[in-house]
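There are two complexes below, and they share subunit A, which is joined by subunit B in the first and by subunit C in the second.
Let's turn to the complex of A and B:
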């Protein structure tokens, strides 16, 4: 299991899997990095033993959210779309947390889609193409995202949108293909196929698509479709986005030129919040840096009622450095 | 915190608006991340489906661009009404995997569900909505259309959206006799409205353009945001939230949900009602909400008349005398102080010339020996 105290603080309840049919948005800054939450979620999903279905005599404890355990669903399949780090990064950190990802990959329990190595159009000119060595390298990803060629005329709405949509549609088909392949002795999703595990789709981090110059509407539609597919299979979707002040619209007004500096990133993050059911905001402490405490974590619930914050689940926790 | 007066009311404009009793055209509900409008939209749909019209059970069309149709209407809410749904999603009906069949199963209580692709200009989506509305209008005189988000539409040119709504008969009650009426309600995420129309992530400010479609507008606020809106001078730059800090633990707590209903009457007078609302056990509970200092006309602070009474006189407990008798005050007013005479004199300068004075106008610096 990842970080036990964090699991309790998040309130997802034993065995600390993400709630099914939920979308989790994690926001962080340079001073309070929240990537540890990604490792925590992956480790929890893969390492926690499948729980026994709870009996009517022992209902789940009050105050906890419905989990995969409550739904009678076991381990999800983790599909990681790594847009910020290569597979080795996740492999090494997972080992520190007591989980070896290599056997998980062999069992199709963990799928890694590499969005780092080849996404940029510059990757086409690399001398040693990482995809060529995929058969020999045990840590090679399951799939490489194809290069994204931004349109020459980014100012034209339809051109930028169509170019982005073409790339993202291909990526969506790949992701859904991995969702539907059979698993080995794991829990089932909602589609009724007993050999298909429920997926836990993770994007680390989604801001890279924005930085590549993709059209925000196309990204949001892509994520909407991912959410739709994940929810249909009783899975969960996790997004990580950076929310440093320098990325906000106010900071970009001074040099507002080009497709990346349209001052719209803050609105993009807000749109992600509308997409999410749960929001985890990692923030630095307002009182300044501390040796033992790195920051604080705001846990917001959107839930089925559509309310962003419900009192029992709105909480703020400290991120300790252990 | 502003002075707050809350009193229970038996009549609520908000309930009237949500049930289309006040207007039968188009109702935009402006919400935000800090105060979602989805609960109100769900309540409105539920009320509509539970109310039979004179022409029979209600016909509801859901246009879902952010949420799933089964999240808006579950089977227990249908009550004999007719629910149609259109879901805009990348790829449309050509979905990979088994997701679309799972959705169809979850939406089995709906009469019709269509998955439509979101093309860049929403042409396909608009076409399907128009076609569905026209088909329904042939059988029913009035249909109710609910949009869970109008944001993708608002990223298009405003003229296209207005033309689209006019085609549906929205915003024109006189069109009822001709082709039926499409009464609409839509959520608009107000915090995505940006002043810079060139930003591709936000949407341009459209509030005034949408006023052409209906006289009623609903704004949802968090209590703190409402106070900021009403009195920005109270919130200095240091008080403003940092970038991206869109949520805090005070949002959406009970009692902090504020709805402002703006109703533009035919006489062009604006009627505004602000209320605190909550939805408890499928019931809309509202309380009239008045900020005391905004009761005066045009938002000006009310000037209070201070009436001195012997009880509240602060001078009565002093050990020395600061007040004047009438006789003393009259003598004080009649006294002419010396500087008053000096100030009334003219400002002429009297100068006695000296023997050494040189009044040579041609060379005034002659005495300097330069």
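Let's turn to the complex of A and C:
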């Protein structure tokens, strides 16, 4: 059930643990790790069925869950693009939080796309493909991001952009393909419109794409497309990015143009914030370290005219419950 | 028979030598060679992780950490892979500290236990039958009979490790000090250089070497089951001064790409990597470098050494201190767990967990990390010359009052 106190603190309301039709941006720093929010969102999305907006005849009560599944009401589906951690990491943590991802994966409710093993351009030197053992290994991912092949001539701006764009377009096709796989429920078996679930697309650490040297404009266009596809299917998009203060001064290849030049990391993060409708900002306490409190969580809703709520103890309370 | 049975070693999966399971999350851990560092990182370095050590300025303490890491690998019988672009990587292992206790070598374990058992049986004092099968207090015999190595040896920095031990160990090197071969040179070199053919990037060449060492050395858990060795060993990778000016990169992102690829490689292998990185080279006048922070995000654990000799702020005051510098932990290893295991297991109070700072000390024989404290004001020697005043202040209540008043009188009564 994730962290119950965090669910109430986030204020999405008890049945809606994730904002539907919204983009959530989670930012953290090196000292205040916000990956617990990702696990919280995954467990909540998979454990509580969201009420179907197009079928008012199904009452959202807890006792009728198997019948609603038999009726073919959309179940949630989580598509995780793990750029920072392998599947085993998510599996073990979600097990501690009370959710077994393996059966969820068999039912195609949880889809994991591995972005760790092969995404780096250097990974082409590996001889053993991780997919070789996938037949015996139940924890093998559903899909591997292939090695990103950067252009050899990096000085040329346009080639860097086109190669990243080509790579990300391929990745987008894969993700959209996973969104449209029908027949989640065991009982339904059909491929009708109603059984296609509303997807939650999660990128654990979108900054990795930037670190690997992909062009920021290409990444932003890719995310824009992801957002469009997700929202047209009544789903949500969640991104995790790092916003250490020292990172913001870094301009990529364009030092003379200042931090706000296109290509700088600060511009990238600000564009992500512009894309998002909800922002969760995890940061360490400005007053210094404390024994029980790891940091504070800032919650901003962009639609509601900058309604900022400060919840200093959110993280400490949820970590205590673990 | 009761259903509760004591877990014996036979049921548990066989761990590689010198490894243990974390009591917090069951992760396989190996030692860094420094017990206090192991403790701060939650028991040890998790297998499959990358540990980044940000070097100190002007001094060379970070390489002591790397030498300890290498020496512990030698002591546990692990395989080693060392890489450097600044110096010959063989120098790292040649200056590794030796350990005081003897590690089991195959020829001693073959004959000595039988001899020892007979002598032990003769002069054994029978206290109680139930203690008979328990291991004796002597560490050495217990180890020799069970065949396991201790998790962390005791090292002596004054004595370098013997060349005989280095010869026996399986060590491979990636020497990046040579200027990169042009394509025709690589063709002439022939046999084992051919996998690096045409690679002009030092990071890429190193990754190709590491992938080769892990996948062909039997350390990958992705290898086909037929090829997997019966007994797993651990590969320790030590990289000296990554991203120093000697590293030739094709693009600015090479280091980040290398670290991300390394994470993907190590997660599926029995390997652990320690990297020292001269972060101060990237530091500007006022703030921490953004490029280094990106690399820190791509590693699993980040520690930093700041020696008093190298930092501007503490240089003036460091004269009376008996430690050599500050030790920071920026990131704890968090593999397969939500909270770092050090949050529950650590005994030295660190700066992440409480407000205390950590300091490292290098004595003649050992290197260790402990909580930083300031010495008594005025120094220790000044305190010691007045035993009377200290005893009077420690005496309780009325007597101390009378003593002080008496002393005050005596000073007036001149």
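Here is the rule we go by: the second predicted complex is superposed on the first by the 253 of 322 C-alpha atoms of A that agree within 3 Å, B and C clash if a C-alpha of one lies under 4 Å from a C-alpha of the other, contacts with A are read in each partner's own complex, and residues count from 1 in each chain.
Assume contacts are C-beta pairs under 8 Å (C-beta built on N, C-alpha and C of every residue); 3 or more make two chains touch, one makes a residue touch a chain.
As the structure is a prediction and not an experimental result, all values here were calculated from the model.
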| item | value |
| --- | --- |
| Touching partner for A:173 - first (subunit B), second (subunit C), both, neither | first |
| First (subunit B), second (subunit C), both or neither touched by A:275 | first |
| Touching partner for A:150 - first (subunit B), second (subunit C), both, neither | second |
| First, second, both or neither for A:243, with subunit B first and subunit C second | first |
| Subunit B versus subunit C as contact partner of A:89, first or second or both or neither | second |
| Touched partner set for A:208, first subunit B, second subunit C, both or neither | second |
| Contacts of A:265 with subunit B and subunit C, given as first, second, both or neither | both |
| Residues of subunit A contacting subunit B in one complex and subunit C in the other | 244-245, 247-250, 265 |
| Contact footprint of subunit C on subunit A as seen in their complex | 30-31, 33, 35-36, 39, 86, 88-89, 92-93, 96-97, 116-123, 125-130, 132-133, 136, 150, 152, 154, 205, 207-208, 211-213, 242, 244-250, 252-253, 265, 288-291, 319, 322 |
| List of subunit A residues in touch with subunit B within their complex | 27, 157-158, 160-162, 165, 168-169, 172-173, 176-177, 179-180, 190-191, 193, 215-217, 221-222, 224-225, 228-229, 231-233, 243-245, 247-251, 259, 262-271, 273-275, 279, 281, 283, 298, 300, 302, 304-311, 314-316 |
| For the subunit B and subunit A complex, residues of the former touching the latter | 33-39, 42, 65-66, 68, 71, 89-91, 95-103, 118, 120-121, 149, 151-152, 155, 189, 191-192, 194, 196, 198-202, 242-254 |
| Subunit C residues within the subunit A interface of the complex | 25, 195, 203-204, 207-208, 211-212, 215-216, 220, 222-225, 250-253, 256-258, 260-261, 263-265, 267-268, 287-291, 293-294, 296-298, 302, 330-331, 334-339, 351-355 |
